[in-house]
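By letter and in written order, the chains are A, B, C and D; residue numbering begins at 1 in each of them.
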Amino acid sequence: MKIQEFIEILKSKSKFPFEVQQHSEKRVYIRIARENLKDIAIVIFKEMNAKFSIASGVHIREGFEVLYHFTFDKDKFICTVRTLAPHDDPKLDSLVSIIPGATWIEREIYDILGVQFLGHPNLKRLVKAEFLGEKEFPFRKDFNIKKFKEDHGLAPKISFIQPVEQTVKKSK
Amino acid sequence: MRSIIPIGPFHPLQDEPENFLLTVEGETVVDIDVNIGYIHKGIELLAQQKTYDQTVFLVERICGICSITHTVCFCNAVEDLLKVEIPERAKYIRTILGEIERIHSHLLWMGLAGHFIGYNTVFMWTWKYREPILDMMEYLTGNRQSCGMLKVGGVRRNLEDSRFPALLKTLSEMEPKIKMLAEAVQDDPVLKARLEGVGVLTKKDAIDYCVVGPTARASGVDIDVRRDDPYAAYPYLDWNVIVLNGGDVYSKFLVRVLEVLEAIKILRQAVKQIPKGDFLLEIKEIPPGEGIGRYEAPRGEDIHYVRSNGTNFPERLKVRAPSFINIPSFTASCIGQQIADVTITLAAVDPCYSCTERMISARDLSGNKKYSQKDLLEISHQKTLEISRNLARPADLPKLKKYL
Amino acid sequence: MENLVLYLLAFLVFPGFLFTSTFGLVVSWIDRKVSARIQWRVGPPFFQPFYDLFKLWQKELIIPRSAKGMAFIIAPFIGLAATSLLASIIGIINLNPEYQFVGDVIVIVYLMMIPPLAIIWGGFSSGNPLAALGANREIKLMMGYELPFILAVVTVFFKVGSISLGEIIQYQQVHGALLNHPSMLVAFAVSLLWLQAKLGEIPFDISEAECEIMEGPFIEYSGPLLGVYKVMMAMLHVVCPWFLISIFWGGTSMQGWGILWSVLKFVFIIVLVIIIKNTNPRVRIDQAVKFFWGWVTLLALIAMVLMFLGY
Amino acid sequence: MPNLSTRWLKKSPWVYHVGTGGCNNCDIEILDCLTPRFDVERFGIKLVVSPRHADVLLVSGPVAYHIKPRLQEVYKQVPKPCVVACIGACACSMGIFKDAYSVAGPVDKVIKEIDPNAIFVYVPGCPPKPETMIMALVKALQKI
């Protein structure tokens, strides 16, 4: 199955619009609206037997972009589905009910970017459990590491080595 | 009676801190929780403050054992972004380094596996066999691990042709020893009794949990990035993907032994076929865009996602290490096992926490239970109190309570 | 009064505490050195066990808050005292079989159960779940290995027709070592397996498996108390083989070439233990108990049947 | 000070290994020291599995935020006198992870918070070679 064939099959099976951007022979990116996320996951994961690899969340100007990477091992290409959650309403449908392996990564994205996943069975904070505030998300662009480190007492105080007073006896 | 056995955070089972909470009935495990995240450092965020050249050194330090893995994977991702083809010689050099790393990583695991089941002689012998390979790494690149050889667009330094004969000599000295090890594993009745049928991960579970690498291949799932998404010089070489159907620790052990033999085969061909010429492609600038790199690490498939905005610094780097996907499969393979078998089952995945935790901390896999340090202490205190109640006279109880 | 002084000397100096512990530490050096040689290493220097012990003696003693203080402290000393007593009884009777008393073998077998019991007590009292698990395993293992061993000892009783160690040794001085009989050889093999488990060596070091439960019962012990345990284990490495030599292999003699021959017998048993230790992985507790109650007990019964048949 | 305790400590240092967020490199090099090529048992050095038995803490890696209280707890459990050996560039100075947001500080800073008089040995390198570690330990024990 080449990427063109894959796109054709996808077009015939899905009833919603999507935008295709072919990067190279092995990589293809598909942009969809966030309402259709679950439908496309069902088509790709359940019907076309792709392997779910990982999702990445990026903070861009328009909002939070989440990319789901699906690998087709036999056909030697990766299909990446990208979708956008806007700033004022950072919410996406959770894929856990379709792909059990997405549990950890959705929690991670929730944790670092603050994107809510609707329908996730156990959406809790992960990495910043104890020391980051509820509204502090390290991967957002407005996160200031320097200020954060100073607030939490993590900043290493730069101290130059004090010159040792040398008591050299001058010979008279 | 149910009780909870914490393994870790500091436990000789792993060199790295992690925490497993085993709920046991007698000696049988009925539930397992995985707590990781003790060594989360935030490498992905740190990468955004470093230039592409510096990031190579940073990803090298995601994991010391997979230092070549992550660097090659990152370079693959950036080269995918740039859509460039690197020089042939660089491809071969990457292959050679990667396979040397695979051999030393697998031997390392085998030794540790022997150590976990109390077979220290195996530990010492495999690590003795591993030393010449590390020596070769030092001879070729200048450092035993974390050699800093990779650069976007090729490799930073050349491997001199005059040094390859020494590599071939080491390999031919190693091969009979590895074969002996493979035979010893197949023949030793005690080792077999201890490993066979332990911690079985069925093929269905393997597909459901999306496991990768030797863990998947031992369960009969035929995946290998070197063949499925070729990078470096693998398309030009002749080798086999090892797939076994057992799914138990014994199969995982055997897959790794056989993969070492395959790696020796690959190395011999690569050294023979390596072309002369350029080894570094000059990269002037990195345009806006995104790229995905894949690499077959000793532990499984590694994926890097890089997004550039045209500046010197990557806008986003996402790392998915193989252990991240493999660790959840503990739930499938550990429940119903004996405590004595759990350690080797956990180790059989060859979990690498440095890789996994560059961004993630997982808690409470089963979803409903979570014990804090305090709860655990409380539980263990209750248990000791109960035991002492059974052992001691009633008159002593107030005294005992004082100590608890 | 004079007797009391002599008894005290026997208990504290020779062949009791001082002699056995010194000899035991040398044995533990042999253990580490031979293991190292098998693993292609050089191994520690000769005085290493002594250095370790002196260092432990100088270290700080920490009693964890969760531990039950008195039991935690007393347990190792009880084990040590029992082992010293064992050493003096076995040693004196070996020196002069006239000092026997009726049923001393039974006393010895009972006393040999005290060191593991001390470990179990210490483990439970330290209030650590892993230590409790290790102690738990030690109990199961003890139940496993004592049965076949007692059967083997009973076989000796029937063969000699006596239950005192002195008479067993005297019988062997007259009729030659019991090992010359096939039935006794089988019983000796059973006892060697018992020895391996008793000394807590691989493949039966289940209770203190370092990779699974981190030294088990010893996990919370530090400094001098750990040192006491170390000495106790070292002494057990002398006492248990010595007992086996006494009842199966003609005992030890302290005169002329007899000393050399006794030491050779001893070294043979110890090296056998070390080799078994280094060529086997650890077994699971259920496998170990099944092994002892199944195959080893069967072997002990075979020995008994052979003995009654006159072999 | 010619203390009796340190005299024997030199002869038999038992080490306990704590990984606090390094990249594994130093950890496996520490294990390498035990194996036939280097064999630290020659010097009486032994890897123990419980901090209660330890004389030397080998700490590898920058101290990640989550591991900080655990490291301090382990340090409290070690019977004194003991030595803390910072293995690798990260443990000595946080190395490449200096700017990371979840790193609490180098090892000496973290341990000095609970015990200002702790004794430290620094073994720089990324990763330090096993020979370096052995030399550092032997030298450090000669000095105390």
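By definition in this document, a residue touches a chain if its C-beta (ideal position, glycine included) is under 8 Å from a C-beta of that chain, and two chains touch if they have at least 3 such contacts.
Everything numeric here is computed off the predicted structure, so don't read it as measured data.
Here C-D and B-D were compared by C-beta pairs in contact; the pair with more is B-D.
Averaging the CA coordinates per chain and comparing them to the mean over all protein CA atoms picks out B as nearest. Each chain gets a centre from the mean of its Cα atoms; for chain A and chain C, those two points are 60 Å apart. Between chain C and chain D the centroid-to-centroid distance comes to 36 Å (mean Cα coordinates, whole Å).
If you average the CA atoms of chain B and of chain D, the two centres end up 24 Å from each other. Multi-chain contact residues, meaning those touching two or more other chains, occur in chain B at positions 12, 37, 40, 42, 45, 49, 124, 128, 361. For chain D, the set of residues touching two or more other chains reads 35-36, 49, 65-66, 99, 101-103.
In chain C, 39-41, 210-211, 214 are the positions where the chain touches two or more neighbouring chains simultaneously.
Only residues 23-24, 26-27, 29, 51-54, 56, 58, 67, 69, 71, 73-74, 76-78, 80, 100-101, 103-104, 107-108, 112, 121-122, 124, 126-127, 129, 138-139, 145 of chain A touch chain B when the two sit together in their complex. Per the touch definition, chain B reaches chain A in the complex via residues 37, 40, 42, 44-45, 49, 80, 83, 208-210, 223, 228-230, 289-292, 294, 301, 303, 305, 307, 315-316, 318, 320, 324-325, 328, 359-364, 367. Touching chain C in their complex are the following residues of chain D: 4-5, 8-9, 11-12, 14, 35-36, 39, 41-42, 44, 46, 48-50, 52-53, 55, 77, 79-81. Interface of chain C with chain D (complex): residues 32, 36, 39-45, 47-48, 51-52, 54-55, 58-62, 210-211, 214-215, 218-223, 226.
The touching residues of chain B, when paired with chain D in their complex, are 9-10, 12, 15-17, 37-43, 45-46, 49, 57-58, 61-65, 67, 108, 111, 123-124, 127-128, 131, 144-146, 352, 354, 361.
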